[in-house]
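In what follows, structures are represented as structure tokens.
Below, chain A partners chain B and then partners chain C, in two separate complexes.
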Partner chain A sequence: MIISRLINKRICNATALQRAVSSTSSSQNAITSESPKHRRTSLVSPSYRFMYPEFLPDPKPEWRNLIREKLERKDMLARRSKIEMPSEFYVGSVLAVTSSDPHAAGKTSRFVGICIDRQGCGLRAKFILRNVIDHQGVEVLYDMYDPTLQKLEVLRLEKRLDDKLYYLRDCLPEFSTFDLNMEADILPEGSEVPINDTKAVLKPRPWLERWERQDLKGISNLEEFLTPKMVRQAKQRETPWEQYDLMKEYRRTIPAEEQSQIYSEVYSELHQFELARKKMKRKRNIPSKLA
Partner chain B sequence: MSFLIKNGTQVRNIIFDFSRLRISPQIQQTRGRTNLNRPKLKNPSWFVKKERAGFQDYITPENQTFIQEVLHEQFGAPAIIKGVQSFQSHSLIKSDELEKHAWDPAFRRTGVLGRKIGQYPLWLKDGKRIDTTLLQVVDNHVIKYIPPEEFSPSIKPRINKLNKYGCLVVGSESVDPTSLTKDYCGLFRDSGVMPKKNLGRFIISPEAQLLPGTPLNVTHFKVGNYVDVRGKTVDYGFQGVCKRHGFKGMPASHGVTRTHRRPGNIGGGGEKARVWPGTKLPGHMGNRWRMNKGLKIWRMNTQYNVMWVSGHAIAGPTNGLVYIFDTILRLRRPGLSPPFPTSFEEENKESLPVDLYDDEVHRFEDSTIFFEPEKV
Partner chain C sequence: MLRTSVATAFRSFHTTTPCQEIRKLARLRVVDNSEIGKRAMAEGKPPRCIHVYNKKGVGLIGDKVLVAIRGQMKKGILVGLKQDQKTKVPKFDSNNIVLIDDNGSPLGTRIHTPIPTILRTILKEKTIAKGADYTKVLAISSRFL
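Up next is the complex of A and B:
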């Protein structure tokens, strides 16, 4: 049961995840094998926790309230029904956001950039896009459920080697430069989200953060800037045992049982949106083939 | 000579006896304030011991179910009403039993007891994001009304012409009475409602009085009106100066020794030679009643009795108890009549929408906000 509660992206490789999912589904079936109503919950894809992370509340127990969470989810679904939102995107994906802006010419603005972080839960969910425009790094923080957002497109659906890409601020600009008129490359249906293993090249110090202490995999030339003292201090501050700390994991995440309960509540609506999106995609593709 | 002495002692004895009788009014001089000068504290009648001592009763399971049956017969079966665990009580209250008054801005209405259940943003129709706190009105019922003649609290609240106002005791969140004392349960006998977990007092005009047992809902307020919210701040315990008053502390290095989070100099020296009153020093932080005034109600949900109120700094933790009442700020008092004395939801149950919004608020089920381009 404890294993099923582990949902750490870093340490759970595919097999571990499968094990977690199979254990929960089997336990559910064992409990409610007779009633067909409960079997429907197994329809919820186990990948939902990565696709829609903001539907899970903050795991801090003293901040939780079930009625607030329910109301929040209702509002989120209401907003999702009114906006073209991708079913999934991750840190490292390239997004294009079209939003209403009272200060822009024509009152709409479009920004393309790489998602360097996703944070917050519920209606407070937000993400940061980064791009380099006119040799100047630009970052925009968007609220996901802001009603001034008109459209959210995923131009390139992929993941990077790290969970947060703040180090791109200290890397050479070409690693965070994306064409504003980029066209979307659509993955074939049912394919896995690819992991882009490009390693960014860091500029010399001074840096915004101590990248050597963060166990980053997406930087190619970190060692060449490090002094022996920095290496020593980084080693002192390492916490390799944390990935085995089950209690820490438990406090950091929502238990798998509760997750499946939450996602089964919103599943039907989210599935409807996904179907509608697929239909739209097909409609769009047909005329292009004819031409 | 001996006669004289005898006479003298007799006279002295008589004087002594008279002095003991204290015929003349003697004024006792008192210097300074002593303990005896303190005003006598008289707690309200509903401050009685609440929890029963937890001793084992050795009741058989059959008898336990019997007790539960009696309980449910009297107060209704357990049910979740508007998101709160309560009892399906059949209302004995007839709203037309009371004399009806037209609303007047001078009247003070009752407030309600709520819980702060969290905060999340809302957006206005002009695209602006506002932070709101969600307050839930948790299973409120009127317990008792004390008319102005009988209402004389020992600690006088700062209200002009207090003798004009009565007091309404409101309870929230029904609990199983088997865990409570007989005295506490007795407070609820006349109201016909289940004993409540929390009791609160609201000072009201006699015109705004309500019959005991009347349920209070979130529709007691109106969307767009302003409320004051009183809550008990988070108890942080004894805290230093950096956390308690936001002092900056001192540098981590450069010769600073053992004074990184200390207050530093607290004044004094020279002629003063003392600490001035009101100096910010370490001490107990939090666990005090604080009031946020003039918060706008942006939205309401009648299904769960929830209101969205502006701001995210309402005193107390999430799931903490708060008192909600009409604002005392003169310029933010309601212009039009709020539900007076309260809204009786059972009368207009069908017509009540689930969600009520202020005119400025963007509904999540509305389409995306577009700004109109300027005309040249």
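Up next is the complex of A and C:
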């Protein structure tokens, strides 16, 4: 089991690299056609686990329940068929959420911000948006499948250098300031999701967390605030062997076989939504070009 | 030499850790344009909470607090918290208050930070007929989230 998963992981890495270097899909097909089992599920793109991470259940064995997971997936698809939800967004993308709000004057409220974290799986999938409005940092936590959400737009689809951007709370405000009336940038079809490599500038200490211990790539001036003691302690607590820890990997992830099974189950509907969205986008773009 | 003297004259750090929860002695930030609030914030001596008017002693959004500000006692309403909030309720980078008097009318005339929309409902519920009217705080706010 572990070995097969490792091989699959290596395949995924290899495909990811291939896609990064050149966008030819021939190598992917060559790899997926190695075993007959893979040929059957080759329709499902291997990038689905990054596009739709919430469809994978929590790998903790005590919390697994196959029937509940299946029902949840059904509910998620039902919800996705009702509202405009983007096919993909990542930590670092700028989103706009319109939700119905009984407290607001117009009964709806809209918030724009950068996604600093995605957490939870299944119907409990959540994300946090951050923005600086009137010089005041504000964060809002949203449930992705909340029935009160009316619309979820991706204004800028991109990734950042880190998986979690909580350090923006301690950075200068311009790194988390986004215009509330921002227009959506639409990427050309079939293009890679760009990685935004801006490095944020930290404010001096005190900080909310010990950023020096977290191996962050998106901070430009971390070193200038560190004392020799902090550097030493960060070095003591490094765990560089963890990436080779097979058992940790095993407990943290869902096996590749199971992943492909889950995604092949939801593939047809997700693909339909994607096609419908593309159609809508084209319809919306044509009049604007004429005008 | 110069640097140390400056540091002792205007101490830019605090000797207590910032409290994520609003309880007694938590430092707050005044976000309206009342004279006393502006002075206190400009001096770098933000008000401290000395009492929370609820049964738990921990202030949540919309709760009334008593603060010590420039040697005086004033009442304020919590309009933004640093603590993790429920979904769709904004969480702020600082603990914000708006100063009010005993009738619930604010001392300032404008609030210069956004305010959560949920306060509309909370403050309406807390308002007592023929008593304190807290909804006046909503009237001076510039932006709702």
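As a convention for this text, the second predicted complex is superposed on the first by the 252 of 291 C-alpha atoms of A that agree within 3 Å, B and C clash if a C-alpha of one lies under 4 Å from a C-alpha of the other, contacts with A are read in each partner's own complex, and residues count from 1 in each chain.
Methods note: a residue touches a chain if its C-beta (ideal position, glycine included) is under 8 Å from a C-beta of that chain, and two chains touch if they have at least 3 such contacts.
Because the structure is predicted, anything quoted here is derived from the model rather than measured.
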item: Partner chain(s) touched by A:201 [first = chain B, second = chain C, both, neither]; value: neither
item: Which superposed partner A:280 touches (first chain B, second chain C, both, neither); value: neither
item: Contacts of A:135 with chain B and chain C, given as first, second, both or neither; value: second
item: Contacts of A:65 with chain B and chain C, given as first, second, both or neither; value: first
item: First (chain B), second (chain C), both or neither touched by A:169; value: second
item: Touched partner set for A:79, first chain B, second chain C, both or neither; value: first
item: Partner chain(s) touched by A:111 [first = chain B, second = chain C, both, neither]; value: second
item: Which of chain B and chain C A:143 touches, first, second, both or neither; value: both
item: Partner chain in contact with A:124 - chain B first, chain C second, else both or neither; value: first
item: Intersection of chain A interface sets (partners chain B, chain C); value: 101-102, 143, 146, 148
item: In the complex with chain C, residue positions of chain A that touch it; value: 99, 101-105, 109, 111, 126, 133-143, 146, 148, 169, 206
item: Contacting residues of chain B [partner chain A, same complex]; value: 83, 117-118, 120-121, 123, 127, 129, 134, 136, 301, 304, 306, 317-319, 362-373
item: Chain A partner contacts - residues on chain C that touch it in the complex; value: 13, 18, 31, 80, 84-94, 96, 112-114, 117-121, 142-145
item: Complex contacts: residues of chain A adjacent to chain B; value: 62-65, 67-68, 70-72, 75-76, 78-79, 81-83, 100-102, 106-108, 122-124, 143, 145-150
